[in-house]
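The same chain A turns up in both complexes below, where it pairs with chain B and then with chain C.
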Partner chain A sequence: MKIDTTVHSGYTAISIAGEIDMYSSPALRDTLLTMAKKKEAIVIINLKDVKYIDSSGIATFVEALKKMLSYGGKLKMAQVPDRVMEIFNFSKLDKVFDIYGSIEDAANS
Partner chain B sequence: MSNPIVVTIPSHPRFLSVVRAAALLAAEISGMSCSEAEDIKHAVDEACSNVIKYAYQCDCTRKITVKFDDNQEGFQVIIEDSGNKSRLEDIKIRELDEVRPGGLGIHFIKKAFNTVAFDKKKKNGNRLLLTRHKNTDKTA
Partner chain C sequence: MENAIEVKDLVTFYGERQILKGISFAIPSGTTTVIVGGSGCGKTTLLKHLIGLLRPASGSIHIHGNDIAAMNDVSLDEYRKKMGVLFQGAALLNSMTLAENVALPLKEHTKLKESVIDIIVRMKLDLVGLSGFGEFYPAQLSGGMKKRAGIARAMAMDPGVLYFDEPSAGLDPVTAAGLDELILRLHRVFKMTVVVVTHELPSIFTIADYVVMLDKGDVAFVGKLEDFKLSEKPIVRTFLERRPEEEVYSPDNYFKIITGA
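After this line comes the complex of A and B, so read on.
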């Protein structure tokens, strides 16, 4: 899994590529919890190149979302691949996360 | 599939990708659709993650053996370890409506397989038996 973080005017984008599983999710957790610790106002996760996500990856996103909501921050998802979306739907996380078709849509919402 | 496929990995999370690849191919060879095979892959991954977390308490130096077999009963996966005795009721689980970290793994396993049970005859370690019956639509 690769994580690229880029800071933009008004938001921080995190692009993830590869597989999010029990092995890789601790690195993702570190990245997201660091954002939450810095009280980043808007973080947009670009999932376009994610090939797989397991329950540890979902748990990581849920934990980060809860931390960010606690100080009024926003965690948004963009470009969610179909298979990842299926997993979000099954887990009922589609009702919890703000999901957008593109980074631009997420940034402008 | 005329013969079972057996994969043994060290109990380190970095090797879960090997089991996922094997699970996907075994499911595809047995004739499942892409979506069904992805569900199988996900379920086997979650089950092996549970072995590392619960049976081995994150000891990465042990072994996990996964056997895939397509027989009269259906598509069967047997996951064996030599760790602490596990019971399904001891594995963390949450309601799908309850949004909090953790507890989803079992839901993904039950999504892919009709029966999920530990073999009570195994004396040391665990043998998890997962069976997806033939002609079962578990996509609903």
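After this line comes the complex of A and C, so read on.
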């Protein structure tokens, strides 16, 4: 798994590539909790190049969202692949996360 | 389609009695395959080999390309982390709550933080319709709920292959049908290879894509469910039409058996 963080005006984008699984998700958790610690207002996760996400990856996003909501921050998802979206839908997480078609849509919402 | 499981010339004995007589078959990836056959045909023994609980006398069992029959104990432990099993009696630990049961494999086999594990446990219990029951103990649940909790635990590590040993055993027809629906939904969404040992015809017709039928330690049929239903093989017709098997003993033989002569 590769994590690429870029700071933009008004938001921080985190692009993830590869597989988010039980071995790689702790690194993702470190990145997201660092954002939450800094009280980043808007974090947009670009999932376009994610090939696979397991329960630990989803739980990591849920934990980060909970922490960010506690100070009024927003965690948005963009370009969610169909396969990942199917799991979000089944787990009712499509109701939990704000999901957008593109980073621009997420930034402008 | 790629095969998830390939069994070749598998032979096993209990003492001197040969249980599996050199069976060979393959299970395609991403299917729900049922292993069927009458009582004593060797299906539970086969399942025990597939999950690495028993070692064969000879033959190979390739799971996603790796021969588990030839693995050492360390490699076999690694393989077991990638599979889930629902045992017949659910096999929950009675001294632990449901949440603790589901969390157990994650705590034992991963370095995930407690907060992440807590969320995974809630997600898994919700998947099987047991939200809010995390603090209950197994003794406080019905048979159907225990099976669902067992599935939640089997799913904890996001296995690539999920095995069920007679999931409907001991359940009323309505609860059993609910469990079949759950197996179907999990399979559809998570695209896992699912292997179910059963002899329940309604379950077979509801969940199976693929059928492996055993008879007295041999493979009697391997193929798609639709071909199974249409098969003209006498052993398949006997099973599907629920006909009793023919009497094995002649009166003379029976006399010898009961007198020990």
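One rule holds for everything that comes next: the second predicted complex is superposed on the first by the 109 of 109 C-alpha atoms of A that agree within 3 Å, B and C clash if a C-alpha of one lies under 4 Å from a C-alpha of the other, contacts with A are read in each partner's own complex, and residues count from 1 in each chain.
Here is the rule we go by: contacts are C-beta pairs under 8 Å (C-beta built on N, C-alpha and C of every residue); 3 or more make two chains touch, one makes a residue touch a chain.
As the structure is a computational prediction, the values presented were derived from the model and not from experiment.
Novice: State whether chain B and chain C clash or fit side by side on chain A once the two structures are superposed.
Specialist: Clash.
Novice: Applying the document's definition of touch, where does A:V96 land relative to chain B and chain C: first, second, both, or neither?
Specialist: first
Novice: Under the stated touch criterion, which partner chain does A:V62 make contact with: chain B (first), chain C (second), both, or neither?
Specialist: In the superposition, A:V62 touches chain B and chain C alike.
Novice: Return first, second, both or neither, reflecting whether A:K51 touches chain B, chain C, both chains, or no partner chain.
Specialist: It touches nothing on chain B or chain C.
Novice: Tell me the contact category for A:E19 with respect to chain B and chain C: first, second, both or neither.
Specialist: first
Novice: Overlap of the chain B and chain C footprints on chain A, residue-wise?
Specialist: Residues 21-22, 54-56, 58-60, 62-63, 86-87, 90-92, which sit in both footprints.
Novice: Which residues of chain A touch chain B once you look at their complex with the stated criterion?
Specialist: Its residues touching chain B are 19, 21-23, 52, 54-56, 58-60, 62-63, 66, 83, 86-87, 90-93, 96.
Novice: Which positions of chain B touch chain A when the two form their complex?
Specialist: For chain B paired with chain A, touching residues are 12-14, 16-17, 20, 35, 38, 41-42, 45-46, 49, 52-53, 96-97, 99-105, 107-108, 111.
Novice: Would you pull the chain C residues touching chain A in the complex into a rising list?
Specialist: Against chain A, the touching part of chain C is residues 106, 110-113, 115-117, 119-120, 123-124, 126-127, 156-158, 185, 189-190.
Novice: Please give the residue numbers of chain A that touch chain C in the complex, ascending.
Specialist: That would be residues 21-22, 25-26, 29, 54-56, 58-60, 62-63, 86-87, 90-92 of chain A.
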